[in-house]
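Please find the structures below.
Next, two complexes with subunit A in common: one pairs it with subunit B, the other with subunit C.
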Partner chain A sequence: MKIFSVALGILAAIGGFVDIGDIVFNVAAGAMFGYDLLWVVVVGVGGIIVYSEMCGRVAAVSQKAVFDAVRERVGFGAGLVTLIGAELTTLLTLTAEIGGVAICLQLLSGFGYRWLVLVGVVALAVVVWVTPFEWIERIFGYGGLCLLVFALAAYELHPDWGAVANGFVPSIETNDTLVFLFFAVGLLGAAMTPYEVYFYSSGGVEEGWTPKDLGVNRANAIIGYSLGGILSVILMIVGGTLFLLHGIEPESLATVALGAEVPLGTIGLLVALVGILFAVSGAAIDTVFAGAYNISQFFGWEWGRYRSNAGAPRFTAAWIAMLLAACAIVLTGVDPVQLTEYAVIFSVVALPLTYLPILLVANDRAYMGSHANGPIANILGIGYFVVIMVVAVSAIPLLIATNVGQG
Partner chain B sequence: MSDELDLGLAVLDHQILDREGRRCGNVDDLAIEGGPGEDARVVALYSGPGAWRGRGRVLGRFAARLGGGGVVRVPWEEVAEVASHVRLKKTAAEYGLGRGDERIRSWIVRIPGADL
Partner chain C sequence: MLSVVRRVRVGPAAVRARHERLASYRTALGRLIVVAAFLALAGCNGGTVDRHALTKDGEAIDSLACEGRLLAHDIAAGRSTSRFAEVHSGTLRQRASNFEDALSERPTVAVIERDVRALARKAARLASLLEQLHRQPDDRASARRIELGLGEAGDCP
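And then the complex of A and B:
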């Protein structure tokens, strides 16, 4: 039975990994540079594995989630700056996911976009309000598995598999280096989105992990994110095969879904849209919780998705407020895909502030005892921290220099 | 509790739990007594927006004003345990901690399904 439940968890993780940032950046990167950026996806997935494992370990050993650690390690002032940065990028990400929900609903139903924004937000709010969290995770995780239709699509599109394999070899071969680097930064940011570690570590605390669960934590992080990363790779292969060849840039989610329609017909299109809808809705729920976790932990409020709505009142109020704010922003009519690009790039800037406290706490033997970072975790952790720093510093200049990747 | 405690890292900014394990604020500041040449000792901890005023400069003052400026002083004798969290001997209500949650709860419970 245990294997069965682990397998279910893994399935949910595959469907739950991909969010609108991954969908937009992977397909667009494929359309721009074929398979040349595949190796960056691998680097990004490695980063999220390293830091999720670290956060999960800190949660299991010390019962501290990310923003507990931030507050304790960098103090009130710098911590508050970190919190504001994290909440703004999380809100931006949530806004992008909700825009994605509305677009999927629109493509499936044909009704007006703004009405569907409201329908989507109300539906998400009701689901979060009434549904036990285990169900939410499963429903959206399994629904997101519809995205595997892109695997079939990739196969049917007959990519040059030799070229695909070549894409995993790190190289920067292009005549437009700046745009290439912009997409590399975006792919890293999409894979290492900070809300995922906020959510993951808080979940570990809520599930009452102890050092006995360290094996589960490691398996979750490594297997879950690797398999989720495969979906990202598949999306880039579809983008690289279909759109590079045809010179289409996927500026909207409708074009992304074309990636399944061209080789597989209407059924492919429908399954792809349903998959995107579930993946993006699930990500919206994770994001909204992440925002509520952060602020509650920073100020010491009661929190928890496993508590009743009234059991953690300010936590509940926080997610409702986030959802309303995101809804208001989407209703102004900003383009969700463009919003996604900004959300991912600004998340990248906030990454070092999130990961440094984790690295410090994971190295603190006073908390962690024998479970503190060993040499391997530290080499990887510090190595990725350097990558994150470089990427964070270059993200905004690249955004400006390339006019959001337009070249 | 071990004999030696790094107050800056092990107490300040940590989560406060009441006797029942309820999260009811963070340690926002410490009251330390002892003149020059004497042993300094912690006599109380502070929790609440009023304690943010002295921290984080302009941002802290702004947050304190936004939060209403209230602060609760908990005598150090009331601390039962300092582990990964700071655990108190009585319930949050007895100290007046976690009142923000109570205030918001009175709104939340009006919505159907609040206890789901």
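And then the complex of A and C:
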């Protein structure tokens, strides 16, 4: 039964790993640099595994989610700054995901974009209001598995597998180093986006993890994120094989769907659109929850989906406010794909504020007892924190210097 | 001991030093604002199309043509849905129109003006072809003709 539960969790994690940031950055990176940035995906997936395992362990042992730890470890002032940064980047990400939902619905139905934004937001609100937590995770995770159609598409496009293998060897061979670095930063940010750890650790607390569940936590983090990362790799291969060859710079989700249509026809297109729809809808729900979790944990409100909506009124008000704010921003007509690029880059800036408290708490024996970080977890955690710092410092200058990756 | 240090620091020399330090901060801040404004203007390029912008816009317009050609090819082969074809060709057409408007109107340096206006005409032609695709997303014969037109208009590999 436990193996079955782990398997379900892993399946959901595969389908739920990819969000609009991963889709946009992986396909665009492939279209611009072929397979040369595949190694960055591996680095990013390694980072999210290390820190998700760590925050899941903290949740299981201490029953504290990320923003409980932030408040306790860095104090109210610095914690408030972290909270504001986290909420702004989460809101930006949520806005981009809702825009993505509306675009997918439009490509499937042909109806007007703005109406579909409203339809999408109402549908998401209803799902969040009435659906139990574990079913939300599973429905959208399994629906997101439709994205595996891109694996078939990549196979049918006949990439040079030798070149693909070379892409996993770290190198920077390009005429446009700054744009290359911008995409590398974007890919790392998309893989290690902060809302994922907010959601993951809060979910662990919600599901009542105890130290007995540390094995499940480790399996979910390592296997789920690794397999989910394969989807990112597949998207980059499609970008590098189809769009680079045809001189196309992908600037919309429709272009990504074209990556399945060209090799697989109508069926490929429809499955891809459904997969993207589920992936971005699931990510939208994750970000809504992440925003509400953060603020509730920081201010010590009742929170959690295992309570009724009335049982945690300020938590409920927080996710409704997040959803309405994102809806209002999308309705201004902002381009969700461009917004995604900004959301990912600004998330990168917030990464150290999110990951440092996790690292500190996971090392604190007063909290963690015998489950505190061992030498391997610390080497990986500190190593990745150095990477995060470098990436966070360089993100905005690269954004400006490359004109958002345009060169 | 601490009070002595404080007294020394608030003497006339210390006040003068503080004013000088503040003045130097203000100068540095002023320079920073000028540099930031310069960078912002450089980034926006003051609305003028230079060679770099011309090259980048040219690449983006070719990308639209190539993507439109791929879409038209799939429509001609019956491998797309009419909804997807209609919506996506409409999006591509809108982008081509935006380029047409911008390149027709934006000021440019004299030596490349002819190239800029030629690129505007190319964008207009693309927009027209994509508009046809948008209006007839089910018409496979038209899609075949439009595919050829987009291939000729854009510099597709």
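Here is the rule we use: the second predicted complex is superposed on the first by the 407 of 407 C-alpha atoms of A that agree within 3 Å, B and C clash if a C-alpha of one lies under 4 Å from a C-alpha of the other, contacts with A are read in each partner's own complex, and residues count from 1 in each chain.
In this section, a residue touches a chain if its C-beta (ideal position, glycine included) is under 8 Å from a C-beta of that chain, and two chains touch if they have at least 3 such contacts.
Remember, it's a predicted structure, so these values are computed and weren't measured experimentally.
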With both structures lined up on subunit A, is it a clash or a fit for subunit B and subunit C? fit
Looking at A:Gly265, would you say it contacts subunit B, subunit C, both, or neither? Reply first, second, both or neither. second
Measure off the angle at the C-alpha centre of subunit A toward the C-alpha centres of subunit B and subunit C in the combined model, and quote it in steps of 10°. 120
Between subunit B (first) and subunit C (second), which, if any, makes contact with A:Ala310: first, second, both or neither? first
Thinking of the overlay built on chain A, is A:Thr255 touched by subunit B (first), by subunit C (second), by both, or by neither? second
Once the structures are superposed on A, label A:Thr287 by its partner contacts, choosing first (subunit B), second (subunit C), both or neither. neither
Report for A:Asn26: first if it touches subunit B alone, second if subunit C alone, otherwise both or neither. neither
Between subunit B and subunit C, whom does A:Arg71 touch in the aligned arrangement: first, second, both, or neither? first
In the overlay, subunit B and subunit C get no closer at Cα level (Å) than 21
Could you tell me which stretches of subunit A are touched by subunit B in one complex and by subunit C in the other? none
Could you list, by residue number, the parts of subunit A that touch subunit C in their complex? 106-110, 245-249, 251-252, 254-255, 257-258, 261-262, 265-266, 269-270, 273, 400, 403, 406-407
Write out the stretch or stretches of subunit B touching subunit A in their complex. 6, 9-10, 12-16, 22-26, 28, 47, 52, 55-57, 59-60, 63, 84-85, 98, 100-105, 107-109, 111, 113-116
Of subunit A, residues touching subunit B in the complex: 62-64, 68, 71-72, 75-81, 129-130, 297-303, 308-314, 316-317, 366-367
Subunit C - residues contacting subunit A, complex: 39, 43, 56, 59-60, 62-63, 66-67, 70-71, 74, 77-84, 86-88, 91, 95, 155-157
